[in-house]
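Labels run A, B, C and D following the written order; every chain starts at residue 1.
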Amino acid sequence: MARVGVFVCFCGANIADFVDVPAVVEEVKKIREVKYAVYYKYMCSDPGQQIIKDAIAQYRLTSVVVAACSPRMHEKTFRRAVSEAGLNPYLLEIANIREHSSWVHQKNKKAATEKAGDLIRMAVAKSIANEQLHEISVPVTKRALVIGGGIAGIQAALDIADAHIPVVLVERSPSIGGRMAQLDETFPTLDCSQCILTPKMVDVASHPYIELIPYSEVIGLEGYVGNYKAKIKKKASYVNFSLCTGCGACTQKCPVKVPNEFNMGIDKRKAIYTPFPQAVPNKPVIDAEHCNMLLKGKCGICSKVCEKGAIDYTMKDEVIEREIGAVVVATGYDLWDPKPYEEYGVGRFKDVITSLEFERMVSASGPTGGLPIRPSDGKVPKTVVFIKCIGSRDEAKGIEYCSKICCMYTAKHAILLHHKVHDSRAYVFYMDVRAAGKGYEEFVKRAQVETGTTYLRGRVSKIYKMGDKLMVRGEDAQLGQVVEIEADMVVLATAIIPYKTNPALARLLGISYDKYGYLSEAHPKLRPVETAKAGIFLAGCTQAPKDIPDTVAQASACAAKVCGIFSGDALKKDPMISVVNPDYCSGCQNCVQVCPYQAITTEEIPITRGSKETRTVAKINEGVCQGCGSCAAVCRSMAISLKGFTDSQIINEIVSI
Amino acid sequence: METQEKEVKGSVQSAENPGLTAPADWQPVIIGILCNWCSYAGSDLTGTSRIQYPPNIRIIRVPCSSRVDPWFIIKSLQATADGVLISGCHPGDCHYIAGNYYARRRFLVIKNLLNFVGYHENRVQFSWVSAAEGAKFAQVVAKVTDDIKKLGPLHRYKKENF
Amino acid sequence: MSFSIYETDKQGLTAFYDAVAGKFETYAPVEKFGKFDYRRITKIAEGNPDSPIAATMTVKPLFFPKSSPILKFQENKEETLISNNIEGDLSSGKRVILGIRHCDARGLQVLDKVYSWDFIDTDYQKKRENTILVSTRCDKAGVNCFCTSLDYDVENSDAHDVKIVNGLNGKIYIKAVTQKGEDFLKESPVSLKLAGNDSDEEMKKQYKSFESSFRLKMNYKEINEKLQNKFDSPEFETISRNCIGCNTCAFICPTCHCFKISDEKIRDTGVRYKSYDSCNNTYFTLMAGGHNPRPVKYRRWRQRAMHKFVYYKERFGVNLCVGCGHCAISCPVNISIFEVVNKVANS
Amino acid sequence: MNYTKQIQDIASKLFTEGKIDIFIGYQQNSFDDNQVPVLITDPAEIPKLVFSDKSVFNLTNYLKFEHTKNKRVGLVVKGCDSRSLNLLLTEKQVKRENLYVIGVCCEGVTDDNGAKAKNCEVCVMPDPVVYDEILGNPSGKKPYRVDPDVAEVAKMPLVERADYFEEIFQNCIRCNACRHSCPLCYCSKCCIDQETSTLYNGSNTVSSAVHALLTWSMHLAGRCVDCRNCEKACPSHLPLHLLHKQNEKVIFENFQEHLSGMIADDRGAFYKYNQKDPDDFIM
């Protein structure tokens, strides 16, 4: 028979002032299973815990009820105390008589006392049905997968690898570097983006703990935290990287010219190409969509010029598998297509360009050698109008959210313009200037004061052409006047959006995403890098728009989380998860349907012991189950029970009142 | 609470069995089943904020509203409860992604079924209370307690011979 | 010993019934959801003593209810207090049941054996002692009836206390069959007219006409003997195939008496119930430790048929089946115990 | 609706071709004009098979028993029966490849008294939704109608309704025939028979009947196909369909007109959700 000890806390005056604790103890002592009941000023204190430990030994208690504050507060403390006394920690139940009684019935001591008694009675009844549970230990494969080789992926990979944990870094394009490699200088310090990024890229390539798999995509992920198996598709590059020296002869001789996506299509690249000079790995790939040899079987020049014989036109896509323990998703962002802004002449006026195009122009390594030029006539623009919030904060045409970085990069662009073209004049149309961040407000001030950029609060209503000039008509809301600016060039600060492939990736990984396609974090405030699926973390703009420092910080946070998972040989998991009784399971698989974590699979078991015929029953994957109990509630034959909240425990509580 | 201390004359009639009454100062027993992550945390916040509510509710903690089997409601009503309150996370806020969406469907059906077989519709009530809504939790409990006090003691389909 | 016979007519009988219902705690078949079961009445118009057999539940629940509290307990710190007095359970006063059939009454007689063997069920005994059974002789057999083919004399059965026979001549005869019945009729609240000398003859005539209306007939002795060697008959398997295992037959059988014991507890008070159970239930024979001697349907069917026609007879000298046909009527797939035993015996 | 000849022919063809081990159909009752199920393993018994508007019982109920599990079975289904078959297939209780299904386009069956059965009055799908062979001409899906009995009971004032249902629960003897006759109650051990349940509701009292019947109807909510096997099996003649039809009504009206078993792989209303489900009943 159960032997329950009840320990009622005064919590100083918090409980004792509003609940007649000694009376409650006397009442509780009348319960048959209660072998010991006592009160103390602070149960959570060391002497308080000692009382519990002593009583467990002295009265051979089989379960313990602590009547004190919320279990969300001190359940762990008391579990530890119980466990130190040699009792299984899950034989502890907490009766929440502070938050649920003394603090909320301060004007009615009699009722509060009665209620405290009932709450303890319920906890005692529940504890009688408690079972010994043991922390689940899940073996861990100590290897991390980082999806995306932008700054987020690079940072996460380096941080994890520096902790001597192997990392598999998968990048979909031929080189890592991502969006940051396309930037000229970065706000608010105006240091050169490439200068700070490329050393990190080289580190990745040479790191003994990083396996870099470029030009590849993750196409499958099975398993659960600590025990994932990833399928990675290596796209055919038609260049044998182990032979290629990266001399560049092939790219020079290739006759096919294709718009260069790295430079936003401002110039051309070849069909065999490296995305940019500092690419890592610095090996070319053949663009199968444009290569004459692959399309028509004619040409083969690159193969002829390659001294190493590294060109292999017969190469096929290859699928490889890696066993990993955790995943960092860092797929970055895409740019919103400003086409809906027809009144700005997008697509009609060549000199209306996007901010990233401008960025490439002012980049020293860019297609124009660092000088902004008008795409229409190649002239250097003197008057440039920057328009912010293109797509951002625009429910009608674009998206509802703020893209967060546009205010800052537009200020940067104004400054860069001034640096490159000293006699230029910049105008910025804005809705708000959002410059929250270290040195950010000062940076915007610098753009306004040092470079004399005119900030106009208001929306541009129309852009039209007058001669070779662009007439920008807008409203200066502060003056309440319509202004019209004769501009040489207009730069649109387009919004950033998640990649279109994000939802597919999320489904593949088994995580959720929001209505825009950003991957969802487990909790917006307290778990911003975790996803709802254990062992999968988010870094950078795949989760929400953010700037480089935030991205790097989140990537390092991911690395810390991953290192945390890998800190032991096995993962410890809360044992309050579901369990199937195969005798009662009829194999209808409704639980499989409702499980939010795909934690339930099926297995075949013999119909009776030793029988050859089998039947299908549900099986719960301990590593994946989070213990929500959805399956237990839909299981009609009650074959599934949720440990810690079993039907008998809850029904015991119900009938004990 | 003030309402309790007010003296009410006469007696309370049971809504389902008008012949059966209870003394005017009768206090109902209400079972509250709360999800751990939102409503239980919300009820804790009610406590830490010292917001007062009627003392009739007895709270049971479950991990998620989707853990609530309609059984629990039926059994509560068979045993001592005069009413049941079930509370979970707001739709979309479920700690376990979508548990409360599944639960909501069952709740609607069981609520209607119980009413159909003769329980007053206010005997079983549901609410979404987030971890931040300590004040809302107090309001919900006050409303449920008030409703059930008006309904009087539950006699219909109670366990016999007790 | 011969008891008095009275004669009356339709109005007279109604008056008699009404008087009884007014004086005693009286039960009669009352219609509910298209079938009749025995309920408390105060006027005969509330019930129908001539209810068709096919739609009438048996009288068993009035002696052995579907669920009866047998004790109440209160757990204290050190001990469990048990009280046997459960309110409203035992009927202390005299009860009269009107409109039962002789098969029902025979069922009680068969049940008496098991209730007064080994353990004397005082609750049951008391109910039996306090009850006067007033039966109505059927005019015509039901399609599933075979009471006349069994091991008891339907015509001269003494299972009931008073029998009422609708004579073919239009007269209604009320005959006391036991001393209890004789006394009951003597104290009748309405005066009854003693029947003429032809009454015995008229009742015999009615019985002849009743007997000739049976669809089902068998030779009980032969069947009983044959069955004793048919434990391994493959016919049980074939028969049980159609059975959906619904337990209905056992629950409405006038002689099935298996029960289960269950406790219900709220807080520290509890009630122990004795409730119907059925051998057709898969888990009926499941033992602690997991062994189940009757895990498949045909074994449960074998138990049912053999218990009804062989085992009980061996032990108590009476056949457990009384031939009322209720099981066949209620069976959703119309399996008749009559067909089952015949098929098995002749296999 | 007399397909005796066709069904006998198909059954005999199936046995000759060795496609089935067992055939489930209807046979004439020996003493009245009603029909009962028959399970045939021997082709010689084929002449027993009949089919008419008296073929009432939902034969898919037999698919849960040991003697049909993992056997190749031929069976006859009407519209409602085929919906329960659909659910059994979705819930992986039978393998489609083991079945040969003769679907009958149902014109409505009759009850014991020869009148049109009450569930046929509110039938939404008289045509089979799963079949290998179809008999008769499909008449298409019918519009959903609220069961008139449910509407009538729902109109009663609360106390009257409670009294009415108390009478039902009072008359329940808890033989569990309703459960055993239901094709969708196939659990290896019903929750009602398990300890967590019997500890508090082991007796056959009114409250235990409430518990058993409400739990049962909740387990069938969004799954019940209204074949009314339960009602036919109930020895107390209880109007059990009231519970199921009430749930069906709530589900149909609130959850995107869900009707159980109409399409393959639809597990029922409780195993899916819509973010726009009614929320106004929740505070």
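Observations on the structure shown:
One rule holds for everything that comes next: a contact is a pair of C-beta atoms (placed from the backbone, for glycine too) under 8 Å apart; a residue touches a chain by one contact, two chains touch by 3 or more.
Just so it is clear, the model here is predicted, and its values are computed rather than measured.
Contacts with chain A and chain C are shared by B, D. A count of C-beta contacts for the chain pairs A-D and B-D puts B-D on top. The most distant chain from chain A, with centres taken as the mean of CA atoms, is C. Look at where the CA atoms of chain A average out and do the same for chain D: the two points lie 48 Å apart. If you average the CA atoms of chain A and of chain B, the two centres end up 38 Å from each other.
Chain C and chain D have Cα centroids lying 32 Å from one another. With touch defined as above, residues shared between interfaces to two or more other chains in chain B number as follows: 71, 75, 79-80, 98, 102, 106, 159-160. The multi-chain contact residues of chain C, meaning those touching 2 or more other chains, are 69, 264-267, 271.
In chain A, the positions touching at least two other chains are 594, 634, 647, 651, 655, 657. Taken chain by chain, the contacts link every pair, so each chain touches all the others. Those residues of chain A lying in contact with chain D across their complex are 583-590, 593-594, 613, 616, 634, 636-638, 647-648, 651, 655. Contacts from chain B toward chain A in the complex involve residues 1, 4, 27, 29, 31, 36, 40-41, 43-44, 46-48, 50-53, 55, 58-64, 66-69, 71-72, 75-76, 79-81, 95-99, 102-103, 106, 138.
Residues of chain A touching chain C in their complex: 29-32, 121, 655-657.
Within the complex, the chain D residues that touch chain B are 153-154, 158-159, 161-166, 169, 200-201, 205-207, 210-211, 214-215, 217-218, 221-222, 242-243, 246-247, 250-251, 254-255, 269-271, 273-275, 277-279, 281-283. If you check the complex, the residues on chain D that touch chain A are 70, 91-93, 186-191, 194-196, 199-200, 219, 267-268, 270-272.
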